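Here come two complexes built around chain A, the first alongside chain B, the second alongside chain C.
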Partner chain A sequence: MQHLNILVAQWVAPTIDYHGLAPELVVAGGLCLVLILDLFIDERKKWLLSVISSFTLLAAMIPVVTLALSDTSVRSMIGDRYVVDSFSLVMKGVFLLSGYVVVLLSSSHLEEGEYWRGEYWFLLLSSLLGMLMMTSSRDLVSIFVALELLSIPAYMLAAWRKRDPKSNEAGVKYFMLGVFASAVMLYGMSLLYGVTNSTLLVDIASQITATGGFSSVHALAVVFVIVGFAFKVSAVPFHTWAPDTYEGAPTPVTAFLSVASKAAGFVALVVLIYSAFPLVQSIWQPFIWVLSALTMTVGNVLALRQHNIVRMIAYSSISQGGFVLMPLAVAGMPGAGSSALRAVVLYMIIYAATNLGVFAVILAVSRKTRSGEVTSFGGLFSYAPTLGVLMTIFLASLAGIPPLGGWIAKFAAFQALLQSQSTWGYVLGVVGAVNSVIAFGYYGNVMREIWMRPVPDGDTTPIRTPGSLGLALGITTVATLTFGIFPGIALHFADLAEIAGAVIR
Partner chain B sequence: MNMLRENNWVLSVGTFLPMLGVVVLMLMPKAQDRAIKLIALVTSIATLAVGVYTAVIFDYGQAGKMQFVAETNWISVIKSSYFIGLDGISLPLYLLSMVITLLVVIYSLDHVPSPGKPKAFFSLLLVLQTGMAGTFIAQDLILFFVFFELVLLPMFFMIGVWGGEQRQYASIKFFLYTMFGSALMLVAFLALFVKTGAESFSIPYLIEHGGSIAKNVQIWIFAGMFVGFAVKVPMFPFHTWLPDAHTQAPTQGSVILAAILLKLGTYGFVRIALPILPVAAREWAPYIGGLAVIGIIYGALGCLAQTDMKRLIAFSSVAHMGFVMLGISTLTSFGINAAIFGMVAHGLITGMLFFIAGSVKERYHTLEISKLGGMLTQVPRLGWIFGFCTMASLGLPGLAGFWGEFPAILSAYNPAAGLNVTVFRVYMVIAALGTVLAAGYLLWLYQRIAFGTPKNNSHTGDGHHEKLQDVNTYELLAWTPLLIGILVLGIMPNLLFSVIDPAVQATLVVFGG
Partner chain C sequence: MFVNQFLFLAAILFCIGVYGVVARKNAVLVLMSIELILNSVNINLLTFSLRNGSTDGHTFALYIIAVAAAEVGVGLGLVLLVYRNKRSISVDDLSEMSG
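Showing the complex of A and B:
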């Protein structure tokens, strides 16, 4: 007790850079507002909550922009444990904007179904807050806290359709495997702390090989931590939760999980690799190489067999995750570090825009067809040409066909691989190239339904798209096309993103 | 390589004008059938007008140099730029793509294939045009790749939506094949970029520095490009998508596929693979030549076995592109001149043959050779035009086809220094045999279709002949320029050779003259 008293007396409140924390503070304020208002407003006025949520996210973009424009390029707080650098700002922008699109996707969906709206927005914003924190966390403890903050609301969102057993299954599966992954990762983190005597990433980086060489404990620690995030990004063989969860969860939640939640996992992975593990690349490089090759191949092959569109997109997003991992497999090699980071960030930006677009179309179409089958897209072009063309654009972008966004993302990933000038890089490049062709098998299948097949039940009443969904479609389409035709724009942001203090260049 | 930069707006305008048409088309209501066709027609006429203007102000005295060069930042982070230019090799193909698109549009005014949807159909045609023209002027590998890929989706939809019975299978097969090739090609491009110091994707820069890459690395990079281009050509054994795609595609799709799309592959060899990787090209040349002559013989034998007229023409493409590749594989200016001439000639002739196949199908409702016959008595004008094109296709001297085939065979007699002369002479003999087979299958085809008496069951099946319409105005409008082209180039091949030759010489500098 006395010991504790001494500690308390010694404790000095850290100086907080409120400008640097502003995006998080805005979102935190917004979510409190939503929670409190939900108690007092009438059921008929619950739509207000979605408006507040979307404005919260847009308002949080303002400090992100002012921070990006401010002269201080890196703001670090709490003893370098929480850092606002260009990487975190770019990723915060990605999370806020994709969060905004998810709100747009959700609002009409929620109004039409019997959902508990107030809590939905609260949980969505909480999860986004966790993601914002993840981008700045440079300490094992804050990474873990951010991870739980973003994951736990997501477990609940996945099970949001209470009366639907599939949704329950989605939530429970996601929760069980998520918690298991957290446990494995926490074990890895404890081992890391044990061997390096610090939780600060930069300290870990310098301590991990300070003894000269590394032992099996080091390897175990690094691998366990990476496995934890491999669950999060649903890398094969840690992907088994994803298809069931994606299929069972409400579709806007699936969009959120497959884009934002996945990106958050990659953010953590990137930060760890670049800030904490640069010197033990011989441990994680082969591991990520195998993860990447497996993820894209298995994801692709399984996607080919799917008949449910959301399940197919689930496997496709697993396989896309393999492409994001691809440049990381060579990130530790001389000369490849910065282009690998650029490729990962670029992939996340473009993938977010495109995949959210896919979900926007799925939502719009399923409002009419009430079906999740791929065949429900039959003849879409004949009665809803705009949606048909947009879906074609998004799918072609996912398949990596120029001049749509996806191609430059894949291109940058290949470039990073070849930049390493290593045999492993070349081999993985060829694996990736073959996979990007296989992927067209299932993307093309949906296109075929849209353009070449008859309407399944002959019902050709046009689809009415609500305004919010239309706006979401507009944003994602413009982003997908612009990034494809003027890749310089997205590349510029990806190139700006640098992790302060990262050792790999 | 020094470049001429005057008037460098013409290429961008010529390439992207069709996209403007697409935007206008998008804004049109679906029901405005006539207006949609009019916009497509006006756009393609305007595009060709820009193309013709380009050809007029092209400095023929310096056809070996890049002209109308424009270079601006595009993706500076990865050191790729919007870098375009046109020389004597590109000019004929660039112009050909515009001519073919216009003619296809004219033909389509009267023949939008089922299931209609003219708005989407013409939009895709115009997107295709941008992709094709862009590929021929791109001087940056990434730009080239983007244009090269831009043609994929429109063609996929053209086959898949407007095609025949097996259209869905054919369209997916076409797409997967070409995409597989281009994925490996992209990896090869990137490897090339990295191995030349990660400085630039510009083709002239890479030509300057590519030669210094180690030999075994060059061979691997060449392998990646080879797969990409060979699928597109298509060379044996990557050709199997072609008969399906051609047979199932609507007439317009087949024409564009045969006349332009196949040339993207051979053009890629001449523009990119050979000059950037000369050492690897020498190593690969005998194998390319070998596959080329296999393609010639295999294509010809395939033709003899076909029962479907359109599929037969498709297989003849495999054989003809074999001659083109044989010319390229000799690495001599003679051979490559022949190859480029062959590309243009094949574009005119085979494009024409597919037009005719489309019209035959429309009149007889079948392309089964055994059900056709007596075309000369029923529709004499169509019959005679068909005869003219068969003669051109089998390489009759005096028509364009001859100048593609004959010099290509001849060039194999004397391949570039360092290549095994005996091997190429053997190729020469085999290729010459191929021309005999070509004469065989084409004459036999013509005999079965045009001669004899009309088959009673030809279209209605109830025994009495309906009067078939002979060549109509739209067809005549669309075909005449091609027929004139075949004749003029046949009589005055120098018109084309004089443009191509300086550029080919400039390209071959890397091989030491």
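Showing the complex of A and C:
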């Protein structure tokens, strides 16, 4: 008790950099506004809430841009526990823009179904706030709080269709495995705190090998923490929730989970690997190597036998996650660190644009066909040529065909593996190359349906796409094509990405 | 101080919790097992905090207690939702989708 009293007497209030916190503050303000307005406005005017949410996200982009242009390159608060550096700014931009596209995808979907609209926007914004926090957190406590802030609303969003047993099941499975994973991660974090006597990532980095070498407790701590985030990014063998949750959840929520929530998991992994664990790479490198190889292969092989399009995209996004893990498996090797970081950031930017595009097309088509089967895309080109062409572009980008965005992302990932100049890197590269070919099997199957097969029920009335969905399609198409044809634009952002205080070899 | 005994207790609680999550079929019991894991984490944090003479562990434990309460709130809400639709809270009955 005395000990606590002494510490309390020494306590000084931290200085807060309000400019640095502005994106989070804008989103926090926006979500409070949505929550309060939802109580007072009439049911027929609930569409206003979607407008407020989308403007909140766009308004939060303004401070991200001004911060990027400001002279101070690194702003750290609360004793370096909350840091705004170029990596966090780039990822904040990705989260805000993908959040904006998800709002566009959701608005027409929500208008037509029986949904509880006000709470939907509130939960979506809270989850995004957690993601924004995650990009800046450089302390175990704030990483944990950010992870829960982004996950708990996502559990509720997955179970959003209250009367639909499939949606219930999606929510419960996501919740049970998500909470179990964060509990295991917390046990790892408690051990990490025990062996390093700090929760600050940079202190952990310097303390973890302070005694020279490391024991099994160190290994257990590092592995448990990585397992926690492997659940979040649905890496095999921790992927079992993903297909069921993606299939059962409302489709815009699936788009959100497969892009933003997954990217948040990768952000945490990257920050931990570069800021906290650079000196114990012999523990996590083999582990991530195995995760990456398994994730790519199992995701692809299971995707080949799916008949439901959302389930197929779920397995495809699992295998894409393996490609993001691929450069991280060599991130600790001399000379490969910075190109691995660049590859991961680049992959996340391009994957976000492309995968959101796929979901925009799926939503537009299912408005007419009311079906989730791959065969419902039969003859799409004959009655909705634009959607057919766009879906082909997005799928080709996911498969990594030049000159589309996905090709640049895969190229950077393989480049990082080659720069490691190690046998393990080369072997993983071969596994990745084989998987790129397998992936074409199921992407090509959808393309064949679109271009060559007849319309299943002969109904060739054109598809009416609502404006918001059209805007979402426009944004994602422009991003996918631009990043592919002018890779310099995406590379520019990925090159900026530096984690303040990180040890990069 | 008996540091080892506390850590040992936490490790046993953790193992019981993991066993419960894997073996139990009742959703509420799974939630309780997860709580056991979280409490083992708290014991770990407090033990390390006292041994190392820093307050970071105390702070962390307080955050975990608060967030765990929110998690269980959501979890019980989801279990109730399933019970209303299916009249069962067995994890095995959640089998609408597979493959």
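Throughout what follows, the second predicted complex is superposed on the first by the 494 of 505 C-alpha atoms of A that agree within 3 Å, B and C clash if a C-alpha of one lies under 4 Å from a C-alpha of the other, contacts with A are read in each partner's own complex, and residues count from 1 in each chain.
Following the convention adopted for this analysis, a contact is a pair of C-beta atoms (placed from the backbone, for glycine too) under 8 Å apart; a residue touches a chain by one contact, two chains touch by 3 or more.
As the structure is a prediction and not an experimental result, all values here were calculated from the model.
Peer 1: Identify the partner contact of A:P487: answer first if only chain B is touched, second if only chain C is, both if each is, neither if none is.
Peer 2: first
Peer 1: Using the superposition on chain A described above, determine whether A:S198 touches chain B (first), chain C (second), both, or neither.
Peer 2: second
Peer 1: Quick check on the superposed pair: does A:S371 touch chain B, chain C, both, or neither? Answer first, second, both or neither.
Peer 2: Neither partner.
Peer 1: By the touch definition at the top of the document, which applies to A:A433: first (chain B), second (chain C), both, or neither?
Peer 2: first
Peer 1: Tell me which partner A:Q306 touches in the superposition: chain B (first), chain C (second), both or neither.
Peer 2: Only chain C is touched by A:Q306; chain B is not.
Peer 1: With both complexes superposed on chain A, which partner does A:S422 reach: first (chain B), second (chain C), both or neither?
Peer 2: Touch status of A:S422: no partner.
Peer 1: Please indicate which partner A:E169 is in contact with in the superposed arrangement: first for chain B, second for chain C, both, or neither.
Peer 2: second
Peer 1: If we overlay the two complexes on their shared chain A, which of chain B and chain C does A:F411 touch? Say first, second, both or neither.
Peer 2: In the superposition, A:F411 contacts chain B only.
Peer 1: Would you tell me the residues on chain A in contact with chain B in one complex that are also in contact with chain C in the other?
Peer 2: none
Peer 1: Using the touch definition up top, name the residues of chain B that touch chain A in the complex.
Peer 2: 30, 73-78, 120, 142, 145-146, 149-150, 152-153, 156-157, 160-161, 167-168, 171-172, 175-176, 179-180, 183-184, 186-187, 190-191, 193-194, 198
Peer 1: In their shared complex, at which residues does chain C touch chain A?
Peer 2: Touch list, chain C to chain A: 7, 10, 14, 17-18, 21, 27, 30, 34, 37-38, 40-41, 44-45, 47-49, 51-60, 63-64, 67, 70-71, 74-75, 77-79, 81-82, 85-86, 91, 94-99.
Peer 1: Which stretch or stretches of chain A touch chain C in the complex?
Peer 2: 3-4, 7, 140-141, 144-145, 148, 152, 155-156, 159, 162-163, 165-166, 168-173, 175-176, 179-180, 183-184, 186-187, 189-191, 193-194, 197-199, 243-244, 247-248, 305-306, 311
Peer 1: Quick check: in the complex, which residue numbers of chain A touch chain B?
Peer 2: The touching residues are 342, 381, 385, 392, 396, 399, 401-403, 407-408, 411-412, 414-415, 418-419, 421, 426, 429-430, 433-434, 436-437, 440-441, 444, 447-448, 451-452, 486-488, 491-492, 494-495.
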